[in-house]
Every structure is written in structure tokens, then in C-alpha cells.
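Structure record follows, encoded as C-alpha cells.
Order as written gives the chain letters A, B, C and D; numbering starts at 1 within each chain.
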Amino acid sequence: MTQTSKTQPRLTVWNEYRHELDNPRVSAHYPQGIHTVIADGLRGHGFAEVRTATLDEPEHGLSNAVLDGTDVLLWWGHKAHAEVSDEVAARVVARVLGGMGLIVLHSGHFSKPFRTLMGTGCDLKWREAGEKERLWVINPAHPIAQGVGEHITLEHEEMYGEHFDIPAPDELVFVSWFAGGEVFRSGCTFTRGSGKIFYFRPGHETYPTYHNPEIRRVIANAAHWAVPTASAPRSFGHRPAPLEAVLESR
Amino acid sequence: MTQTSKTQPRLTVWNEYRHELDNPRVSAHYPQGIHTVIADGLRGHGFAEVRTATLDEPEHGLSNAVLDGTDVLLWWGHKAHAEVSDEVAARVVARVLGGMGLIVLHSGHFSKPFRTLMGTGCDLKWREAGEKERLWVINPAHPIAQGVGEHITLEHEEMYGEHFDIPAPDELVFVSWFAGGEVFRSGCTFTRGSGKIFYFRPGHETYPTYHNPEIRRVIANAAHWAVPTASAPRSFGHRPAPLEAVLESR
Amino acid sequence: MTQTSKTQPRLTVWNEYRHELDNPRVSAHYPQGIHTVIADGLRGHGFAEVRTATLDEPEHGLSNAVLDGTDVLLWWGHKAHAEVSDEVAARVVARVLGGMGLIVLHSGHFSKPFRTLMGTGCDLKWREAGEKERLWVINPAHPIAQGVGEHITLEHEEMYGEHFDIPAPDELVFVSWFAGGEVFRSGCTFTRGSGKIFYFRPGHETYPTYHNPEIRRVIANAAHWAVPTASAPRSFGHRPAPLEAVLESR
Amino acid sequence: MTQTSKTQPRLTVWNEYRHELDNPRVSAHYPQGIHTVIADGLRGHGFAEVRTATLDEPEHGLSNAVLDGTDVLLWWGHKAHAEVSDEVAARVVARVLGGMGLIVLHSGHFSKPFRTLMGTGCDLKWREAGEKERLWVINPAHPIAQGVGEHITLEHEEMYGEHFDIPAPDELVFVSWFAGGEVFRSGCTFTRGSGKIFYFRPGHETYPTYHNPEIRRVIANAAHWAVPTASAPRSFGHRPAPLEAVLESR
């Protein structure tokens, strides 16, 4: 086959890691942080090279060296988006445009990298009522949906409702139903530059969502999907010599 | 009909207005500036409320008062993108997200507002060889193409070539063929927030492109298309009260 | 303005018109047929030229003469799809590809013209439980959503649930929430050939849906949107003479 | 990794196989038929299970047994589209909707399966002048473009020109430039039902295009991309029992 067996994709799970330290309702589910649970889920799906990084590490744990060794970055943040330095946010954006995959989870919709890559406000409606969410597969043939049933049910989640202020996604993989009456585009793909981006809605910190096997499967599928391909080269700029003879006629 | 007869759309044509002042090859075609020629073209297509604005006016001519009176903004810039203040660029972006139409012309691909709205680098290949460009209509049913033939030929233009580093457009209306061997997605639509955006490639300053009747027609069509509709409301934020009864089960 | 004041669009509302004749629960809402109520709604939104056609008329009321005088065709059918002749179905498809607008309502998802134009099975899940449907606006800037609130609530409707076996729509305007737990892409646009197509989900025959003012507004918006534009010409076939000199080198 | 090592994808290359038998200019390039050269190219990219089928075999070589053993079907046809039986064409369409990948080559744009799956006329402009074609990569991050340069040059090919009467593709991977002045959307992806479809333009029978290493690479990439995934299940029909309690209120 053309595709030679890939070396192991290298994943980095980034987490704000604040709620877990000051809210017992969160640490009950994620005593070592959301990132460790997501990372464990990825390892359970066969990814061997999974590291984590958090906001309060130097450079938020996202030095150029770390990003050099990252094929796909996963991002969870909520209340400290503003504390992510503009420099690191710009670095992440540049890496994505250069090909690094990016999986934005839940409240990461308001993170600096996602908003910059989308170019829109990325706002939405929300409610914390512990209500039922059901994620319906809209695009069953998409690799991110493989191995999932027709829908995934989460008994208790935060509600996110439309309108979700994003560009029309390239592909719509999931739409959520909420008991309280709203719907939401829960699984959306985008390509920006050479990078593949997947936004995946579930994962409020007060619920055990990232322990759910189906959610873990979707995240693993997405990580696989977002690995950069040996894409065609992109080059830009001045091309003084035409490829074909051009009559200079100015 | 549901659509009541609209009041006249109010257009603002923004131009960097530098080349015309220091390059006789440019002022030969545009003695009063590219903006005045584009504005004349729009008036010739029946738009009654067309104003212009330029970089060196206070606030670049784009005060809040001016933007309050603008339904669609047209943008031509080239060598002084960096001189557009971040404040005015952000103001334009915010207006577009709020519904103002935006038509980005030629080298405006590198303008601050366009790059911010796209979230990508917006780079491309280019060559100044006075070569022939032929814009093919890819989407003949699109309102921006109405009244145009199967293609538009420009005898002398600058070449722009793929890869054009933009998100996949919502709709692809034109693709250009260049004598020197390249192709380019020349007419692309995007919706960002409530605003409609059209990128239209032709219009290098050393050619009389904006005098061309077909190019003028496309720009007029685009201005019409980009007028904000009385769209459905968008609201965001906390919705503590569910629309339906929700079992509080946390 | 480029767009000269259009002559009145000519609309034809097609209805199977069977349920109304044999089911009192249907005729209670639509004593003269669903088509007459939809037509009244369109007239109430200012369309002056609205005619109707039904299955049991000669040529199902869709002679070439009628279609010659139709800018936009609206289609409601349910239990007699198979009785639509292949000839008339093919005639409708050809007209749409040639530019006629088509609005497919509710159970029309299984009609011959829609299935042929989509190329897919167009199947879905369904349930008749008189349950609540809430249609959320996903694309607030779309002209089909103008004048509508953030959502439309129908107290009693048939449920349609994903997966809806259609090609990815060009634009997704509405997504429905159902009380019973499903979601559905309720408002979808497609362009096929020169024709604009809008699929709009609501309208089960045992509910008074087409009397609802918001539903009527959406249908009127869609009729307006689907009117053919004076599009760019499309031509096909042998082009022995190249536009540019070609070195014949075989 | 989630994706277990797949068994070898099973490919079937279908060819009309008529030109090669009666036109020495074709048999000069393809003495055993276009299908054998395409199949060799696929084997050269590591596909171990590649079979061929041709029009004049019983059931055109596409019995249910053969299709049961086909993950991706490649299709080349030109002058005998009408001789493909409706039954076999419908069988192929049903398989694609059920998940089988389909790669449609060159003049296959007018084949029964492709036209049925698209729902449009699929017409285009054409010219046989042995002119140069240059395929530009529009979507460098797409797996079908991997390993390819910025463009592929074919010194002599038939011209296909816009307008190409297809639905807007899900993804646009290549656009062709022709020496004679036209452009064409040369590499287009579509999903229909559970099946992935790739249309790839080059390959007129009088040129040695399928011997070209870059063209062979693209076809191999596409075959890999089109392999059905273990997609989420799709089910349809009556769902009398709601997932959530619904107030029966008719």
C-alpha cells in the first residue's frame, strides 16, 4: 500500500488544570486532572506516545521542543483562557497551520487558538442543569464515528445550544440533543492551512464524561484522523518565471 | 412578497490610495484613485449611496459613524496593510461578524481584516508579467455570476496561483486560468458570524481592470449579494431556565 | 441596482391530495387540501401568482405548459409516490436542473424527483406520537431564516430522526429537536444543475403545521430564495477550437 | 491505536475495454487494456488484491459475488455507457450507498453509476488536441494528494472544461489548467450513503496517462482513501417507542 506503516503518532494533551485543584466536585472525577484521564483513554486505544502539558508549567508546557514532538494536540480549557500567553497561543496556531492536528474539547471553544483559527466569536448558549445529552451520528461513514453506535448518551452534562458562532464546518459528524430543548453541532471538522481540527463538545468538568468508553473512542478516532499526512508541498510568493511562455505585453 | 422593497444599500469603497500617488503607471488608469473608479462602477449599476474612504483619512475613513452607515464595505489594499491600525481592523472585523458585507479585492487577501476573518495565512503565488487571465464561472446559478458569460477575459493581469491558503470557501464561483500556467480560486464566498464575505481576485493596480464592464458587473452583483438580510436573531450566554422540564440530577 | 425589479415569481404548489379525501383527521385541518393552505400562505406573503396541481389531474397537473409557467415548484407527497409517473418525475427533475426552484416538504423526502436529484436513499427514522418539535436556526444569516426567531416550536408533529440519508447539504439552515430524543437536519439547501432546492421537514398531514405563521414565513422565504436567477450560461460538448494557441503534438 | 491493522483492501478495476480492441493508437499504450495498466499501478503501490472486470464479461464482470469481494471499485468507460445494463448499474449504485468505495476515471463522468449517484447531468466541454494539462493541488492536506508535488504535468491530454455539471463536491483536491485556455475541477470527493466517491479527470485512451507515476500515485491514494471504514451503523424506519417520555397529546 502507498501508506507505509506510520510511526506512532505523538499526542500531547493540554489541560488548564485549575478546576481540579479547587473544586472537589471536579477532583472527585479527575483527581490527577482531566488531562491524565484523557491521556489514559488514548493509551487504552493503542497510542503509545502520549504526553500531557498544563497551563502552569513554563510556557504552559508547550515549548517549541514539545510541539516539535507533537503530531496532534488536544486542548481542554475553561476559566483561564486569558492566562494563556499570546505568544504560546500564536505558536499553537502556527503549528496547526503547518500541519499539526488539533482537537478542541468542550469549553475550549473559547480558547485563543480556536478563536483565532476560526475567525469568529465562537460563542454559544449554555446551562448547567445536569441534563441528558444524546449525540447523534450525522455522518456515519466518517472515520471519527467508526465503532460508535447511532448515538451516544450522556446522562448528565452541561448544555451547549445553538447558535454556535463558528464558520460552517467542513464536515458535521455529530449533533447533540439536550433534554432541556436545545440542539448543538457537537462534532465538527475544519482544515486550516495544512492542519486538521476537530471540535468535540462533551466534557464539562463536573461530570465523568472522559471516563465514558464511547467518548474515549471518539477522541481516539479523532486523534488518528488528525495526524498530519505527508501532504503535497505548499509554497508561496514571487514566481517571476512563468511555467509556460507568456507574451509580455504590458 | 416577504421581502419588502429594500431601502438603498449603502456602500463604502475603501482604498489604500498610495500607488496612485506615486506611480504614473497606476495613475494613468486611476487618476482619482482606484476607489473612485470602483464607486463609479457601482453607481452605474444603480447603487445610489456609494461613498469612499482611504487609508490616510482620520481613522482611515472608517469611523464608527461611517460604518454605522455602511451595509457593504469593499476593500482594496496592497503595500500598506501594516499601516491599517489594529483598532480599525478589529472594528471592521467586528462589523462583519455583526452582519456588514465585505468584498475583498485582489491584494486585499493580505489585509488585516481578511486574514483575521479567515484564520489562515492567506498567502499565494504571484507574478507580474502582464499575462492573460480568464475567469471561468464554476457556479453558474450563483447570483454573483448573473449576467456574466461563461468566462471573463482580462488581457493583462498579475498572476495569482494556487495554493491559496484560505479555508475551503462556502461557495466557489470563479476559477482563473493564467497564460503562464497557473490556476486560482478567484471568486470565493464565506459567511462569518452574520456577515457575508466575497473575495474577488482581479484588480492589479497597473492594469485598467476596474474599468472592465464585466468585472464591474461582478462587483455590483457581489455588493447586492452581501447586503445584510434581516436575519434570525443570534443570542448567546447563560440560559439557566431550560425550555423543557429537565430532571435536575447532579 | 443591477437587479431590476423582478416580475412576480410564479409558484406551483403540488400535492398528492389523497389523505385529505379519506382521513377526517386530515381534512379537519385541510378541508380543501394541503396545497390550498400552502398556496394561501404564499399569497399572504405577497406572491401574486400561485397555482396548485395535484396527483389525480391529467399529467398530475404538471404539463409542460404548467412547468413553462413555474419558477418554483413546491412538493408535498406521502403515500402515493409510486403513482407519480416516471415521465412526470423525469420532467420535474429536468426542469430543476434547468433552473426551476424546488421546495420539498416533509414526506416528499421519498418522492421520485427528490430521490433522483439527491442520488441517495433519502430514508430516515419516524414516529407518530404527536410530540413537540423545535426547529433551531443554525444559519441565522441565511435568507430563508429571515424574520424567524431563534427557534420555531411546533407542539405536535411527527418525528423524523437521523440518520437522514442525503448528501451533505450545501447549507444547513435548521436542525430539529424532538421531545422523544431525536434530532434532524430540517432545513437543507442544495444546488443541482441551475436549480435551487430546499428541503423543509415539518408538515405531517394530521397536524395544522401549514397554518403556522412561522412555518409559512419560512416557506415564503424559501420560495423567494429558490427563484431562478439570470444565471451565467452553461454550455457543454465539443470545443474543437481552443481559446488559446495549442501546440498540436500528438 | 484504535484502527486495527486492516486486512488488505480488495480492489476491482472495471474497464469498458473496447477502444483497445479496435484502435491501434489506444492499444499501443494499453495492449492488454487500460484496466491491466491501472491494476499494475495499484499493485506497484502495495495493493495485493486487485482484480479486473470488463464490459463484455457475463454481468459485465460485476456479479454479486465479485462485488461481495470488492472494497473499492475503479471505473473507466467511454463509448459504451449505454451497454452497461441498468441492472448492473443499479447494483453498483446500491453497493456504493452501502459503503463500497468508487473511483470514477475520466470519461466515466457519463457512466450510469456516476450520473445516478450525482443526480445531475455530469456534462462538460471537451477537445482532443493533445494539449498540455497541469493538475494543481488545491487541498494539499488531503490524503489523496499525499506524495504529489504542487502540480502534475501531462504533456498531452484531452481537454475537459468547465462548466462541469456536478453537485458542489464535498472536497476539491485538484483543478486542471489546459494549454487551450480552460480549467476543470479534476479531483473531487463525494460521500453518498456510506460510500466514498472520487472523480479523477485524466486518462484519455489515446495517451499513456495511466503509465504516469504521479497519476498512479493519486489513484493509489484514492483507493486507500475510499476503503470503507467500520462506520457507525445506519438504521431507518418506524421507531414507535420514543427514547424519552413523550406526552401523547394528539
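Odds and ends about this structure:
The rule is simple: contacts are C-beta pairs under 8 Å (C-beta built on N, C-alpha and C of every residue); 3 or more make two chains touch, one makes a residue touch a chain.
Remember, it's a predicted structure, so these values are computed and weren't measured experimentally.
Graph distance from chain A to chain D, where chains that touch are one step apart, equals 1. Listed by label, the chains touching chain A and chain B alike are C, D. Each chain gets a centre from the mean of its Cα atoms; for chain B and chain C, those two points are 32 Å apart. Separating the CA-averaged centres of chain B and chain D is a span of 36 Å. For chain C, residues touching at least two other chains, in rising order: 132, 134, 137, 139-140, 150, 161, 163, 168, 170-171, 179, 181-182, 191, 193, 234-235, 243-244. Chain D contributes residues 97, 116-121, 123-127, 129-132, 155-156, 159, 161, 163, 165, 167-168, 170, 179-182, 190-193, 206, 234-240, 242-244, 246-250 to its touches with chain C in the complex. If you check the complex, the residues on chain C that touch chain A are 134, 136-140, 150, 161-163, 168, 171-172, 175-178, 181-183, 185. The residues of chain D lying in touch with chain A in their complex are 1-3, 9, 45-47, 99, 132, 134, 137, 139-143, 145-150, 170-171, 179, 191, 193-196, 217, 220-221, 224, 228-235, 243-244.
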